[in-house]
Amino acid sequence: MTCPLALHPDRLFPADSDTRKVAQRLYAEVAGLPIISPHGHTDPEWWATDAPFGNAAELLLHPDHYVFRMLYSQGVPLGALGIGNPDADPRESWRLFAERYHLFRGTPSRMWLDWVFAESFGIDVLLSAETSDRYYDTITDALTTDAFRPRALFERYNIEVIATTENPLDDLRYHKAIRDSGWKGRVITAYRPDPVVDPEFEGFLDNLKTLAALTGEDCFSWSGYLAAHRKRRAFFASMGATSTDHGHLTARTADLSRAEAVALFACVTNASVSAEDAELFRAQMLTEMAGMSIDDGLVMQLHPGVYRNHNPAIFEKFGRDKGADIPLPCEYVHALRPLLSKYGNNPDFSFIVFTLDETSYSRELAPLAGHYPAMKLGPAWWFNDSPEGMRRFREMTTETAGFYNTVGFNDDTRAFMSIPARHDVARRMDCGFLAKLVAEHRMEEWEAADLAADLSYGLAKAAYKL
Amino acid sequence: MTCPLALHPDRLFPADSDTRKVAQRLYAEVAGLPIISPHGHTDPEWWATDAPFGNAAELLLHPDHYVFRMLYSQGVPLGALGIGNPDADPRESWRLFAERYHLFRGTPSRMWLDWVFAESFGIDVLLSAETSDRYYDTITDALTTDAFRPRALFERYNIEVIATTENPLDDLRYHKAIRDSGWKGRVITAYRPDPVVDPEFEGFLDNLKTLAALTGEDCFSWSGYLAAHRKRRAFFASMGATSTDHGHLTARTADLSRAEAVALFACVTNASVSAEDAELFRAQMLTEMAGMSIDDGLVMQLHPGVYRNHNPAIFEKFGRDKGADIPLPCEYVHALRPLLSKYGNNPDFSFIVFTLDETSYSRELAPLAGHYPAMKLGPAWWFNDSPEGMRRFREMTTETAGFYNTVGFNDDTRAFMSIPARHDVARRMDCGFLAKLVAEHRMEEWEAADLAADLSYGLAKAAYKL
Amino acid sequence: MTCPLALHPDRLFPADSDTRKVAQRLYAEVAGLPIISPHGHTDPEWWATDAPFGNAAELLLHPDHYVFRMLYSQGVPLGALGIGNPDADPRESWRLFAERYHLFRGTPSRMWLDWVFAESFGIDVLLSAETSDRYYDTITDALTTDAFRPRALFERYNIEVIATTENPLDDLRYHKAIRDSGWKGRVITAYRPDPVVDPEFEGFLDNLKTLAALTGEDCFSWSGYLAAHRKRRAFFASMGATSTDHGHLTARTADLSRAEAVALFACVTNASVSAEDAELFRAQMLTEMAGMSIDDGLVMQLHPGVYRNHNPAIFEKFGRDKGADIPLPCEYVHALRPLLSKYGNNPDFSFIVFTLDETSYSRELAPLAGHYPAMKLGPAWWFNDSPEGMRRFREMTTETAGFYNTVGFNDDTRAFMSIPARHDVARRMDCGFLAKLVAEHRMEEWEAADLAADLSYGLAKAAYKL
């Protein structure tokens, strides 16, 4: 059975007809705004080299853990999809996906993918076993054309600025190449120091050696280590970075005395480190990074609360980022107090906090962001970056934190082609949420229109200093 | 005041008229599908003996802790309702209920009961003080007729299969009697080993002795104990069981070495056992049971996170299952890791996990079920088996786990006559949820129709191998 | 830009037109009911002296931590708003607020404030930089008139009864003055013993000395201390109190033997007290207070789970209640068991429990309140006292606890003029919730009308014995 594929112009808007009309009007004003993408995981090499993307499976299947995790959960081996297996025939991998496209009903992946298929590739039938080859050929052929090279897509997608994420050991060669190329697209980096901040990261001590070599600092002394961070932050800033990003197991922060910090650093730079010392060190480093942010102006992001690599068999065979990361309950009130007590009253410091634990939205995060001048709420993240997740985010944070303690949308993806679709979903959901407030006479429509533009564009630009 | 009772054909459908029309169409296709009831607590003796049910109070009041807990919470003594008190006049017990029927406004009990009154007994006035005797007589009289005997109701309710729950010490005589009777109704058992798995269960050591006697195994040696489980599982399977069920205080699992397990078993078969040893033993037994499921093909269900018998005065006077069981926060990510690390990648293993802690839906359970091939999400359970609870279940799990990592509906009840009403509520709520997705152009109507049938019938049949 | 301000008659009602019509009809019947305000923090001195309120900033800005916390979170220093700073020009403080009124879009503060501006002061333009002086003058001028004196407003707002909150050391002179004045307004107190129950309260030991002096009891012996409570409770009851209120860090309760309690009391009345002893003492005192409630009939309220004074810089400079109180995860099932085991089965005891942790609504509080005769659910509290918060409260508690185990609305405010607005929001949201049940054929409209009156008026009056 071949079914038509058509993106409905009213998709995601509330069904009530009066409310929908408001949503349509609000959305019409923001649909065409440029994309601000202040946090994500695209690859700067794409725009540095502007080399064409490969085939359909390589472009849409292999980098998207949302997609292959669903297939894996229903019994499809990752190797058959081409993950960690260069011998897999990409057309056959694609077929495994196409045959099971019904599994994605009701998921955001389905919405993003249909957008890519229809809007970017002009396909007008639904993906299925019958249309698998047609899809594979259409997409793979298109990728050989100039219109589908990374810079062309960047421009076509109306991206005003995109931030990638690199660690302090990265030489940022691709960012330099983009600058040197004369191309006008604004691709910036962000400072993600986990490999040199987390004593439990693979190769932590070797990473410190590399950091020392890069900076000329003694990274096995506390003061040298901090100085190395400052140097790399400055280098990242010189390559456009306006933010740092911190992926931690918990939101714990600490404010140790200098003597305690020196002693702790000595512990964690030994060959063996206790779990508690590692956690305390990460906690202390968040506060150190906050202090540096106040000095150098980089916006600070915290993404806590994920059990990484939950499935040992998958981790051993395929490595990180293979869809086996699972959210944990995450406490913020006690955890953030040391950092916020020290720096939270500084209105020039911008500290953007995310969560995968929705229970903290109304209970902890909105009250904290609704009080501390420095703290802002990051948007609905990862599993919550979905229509229902976005709706719950607004419903559970707005009344306490308001809209202006939030920071607009993050696509947070390595799936480049899904970026416009994700921003479009966020704009539609925000317009729908605002339309409901208007329809229920909780806000005037002109105020909602102001907010729609802020949520789609202005707040991200301001919060990330872009 | 006597008020009419009429079940509205559009009950539970969304109020928006366009959305409602979609829901009506979806529901029309699934309303008549047979009932698959893969998990519940009805009594097999009913169908073995086909003896008539007693009176209205005995049928509808005494076995339903949803109903008598509400009356108790508003000051009605359990004894006056006939609970643990054979001297209570059932007509007067019924009156206490009828006079307070307004307490159930907005509850699922009200919806199930009205269905039973209207659909099963043809009553057309609302239950109240004024109509109490009329109700009591109508129901009690009907129960003397052949049309209201257990097998006749089973057939009238279009039940394709129903699973009861028995413990390993049960001889399954009623299941055998049903088979021997030649009656065509499919009533199967499920293996619920709590009394011989939980060292804190009343009479645990005696239960092991009985298990030894039943199986001829030495149930005080670890290998004999496991062999006894295997034998009883095989016996249950021979009597139709396709699943096991495990009611635990937490979701904790363990994967001990054989030597550790032997030592732990020695501890828990002593007269006194520590709380930690008991918990670790239960944890280890979940993993053992998972291993056996892979061998014998029985689907494994886990129902964790309830503080049983919270009210000591009620427990002492009336015993278990008297409405004083209260849900607890329940952690799954660390808890399930030992079991999932060992068996979670096996797509032939079916591990269905439930929760009473809704916070785990989007944070833990949907991400886990959306990754591990073995794991599926059980439906909204117990207090959450309600219109709003079902809606939240879909809203919080679908975007991450999809529909196909869920397993359809469980009625999970000992209130037999409410079974069709419960399935009807679930079908209506699922059709309403799907209709919203259609109305918001997040799904095509033909896809929603596919899903409506799967959620109402197909998924339960497949997941439970029925 | 000057924009009109008009309160829409359908504000907060569901947008769907059929549902809205039901909500309109339900609301029409309850909009004019008198206000029952059984819990709040208004100042009895207002009605004792009937002195005019000061200026706009003093009336609406300074006492409302919802308002100034939002301004603070966006970088406005508290001192500039006049908080802890008598030198601030109130007109300029008001201007800082007026210029930033857009920050309140989508918050309940915006809704309450607009009501006060439009309904109480007759203003018809939106607050903004342009209209700041006009607002300031209109409000400040009105406050000099008799119509805006406290007793006149009390009568205009149709308040049947309002409870303030005082601690046991208070001499209740203002309550006495109100009685002695012959004015008919019913202003009662409530017994909030935190300063003499919490060993970590500032000045705890001095407070015990004062309590001893007031009561003639030896407050450094356990029996004398309890006797002093009994005496002060009786005194409060003689001044109209029908309830006690307990603000605790957690919901923990204890049921110690007399010997243990004596020993613990000796510990906490020493100069230094451990955190665990302080917590255990608070826990024990909740159970003691429950026992006294059974004796003297005072309704008992518990407000747990707030990290008070999270921001040390603000606390040091400005003191308590400055918007830096943050909710914590709060456990109830284990915590309340000692108290409920002892007194929970007494239907004459009324124990009203609140939460700021919404996760406990469906998981713990509704199941507990739906079982124990003594326990009732307090309404959506503090950050959750908002349209979305109220909606979630009903959605997550009704199906398990029903409506009749809840106690109507609390405004819980020190912002006097917002009281009618808050009750109006609650009535509108409850009517909207009920209207949805009617529109979805889950309830008859006449039942919803009954409930609307109960939720707006009857349940509060009954639960608080008013």
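Every chain is named by a letter (A, B and C) in the order it is written, and numbering of its residues begins at 1.
Quick note on the criterion: contacts are C-beta pairs under 8 Å (C-beta built on N, C-alpha and C of every residue); 3 or more make two chains touch, one makes a residue touch a chain.
Keep in mind that this is a model prediction, so the values were computed, not measured.
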Residue numbers at the subunit A-subunit B contact, same meaning over half shared and different meaning under half, come out as different
With a Cα-based fit, what is the angle in degrees between subunit B and its identical partner subunit C, given to the nearest 5?
120
With chain centres taken as the means of their Cα atoms, state the distance from subunit A to subunit B in Å.
40
Listing for subunit A: what residues touch at least two other chains?
14, 16, 359
Subunit C touches which residues of subunit B in the complex?
3, 8, 10-17, 69-70, 72-75, 102-108, 111, 307, 310-314, 323-329, 356-359, 383-384, 386-389, 392
Give every residue of subunit A touching subunit C within the complex, in rising order.
14, 16, 18-19, 331, 333-334, 337, 340-341, 344-345, 347, 359, 362-364, 366-373, 375, 395-396, 398-405, 436-437, 439-444, 446-447, 450-451
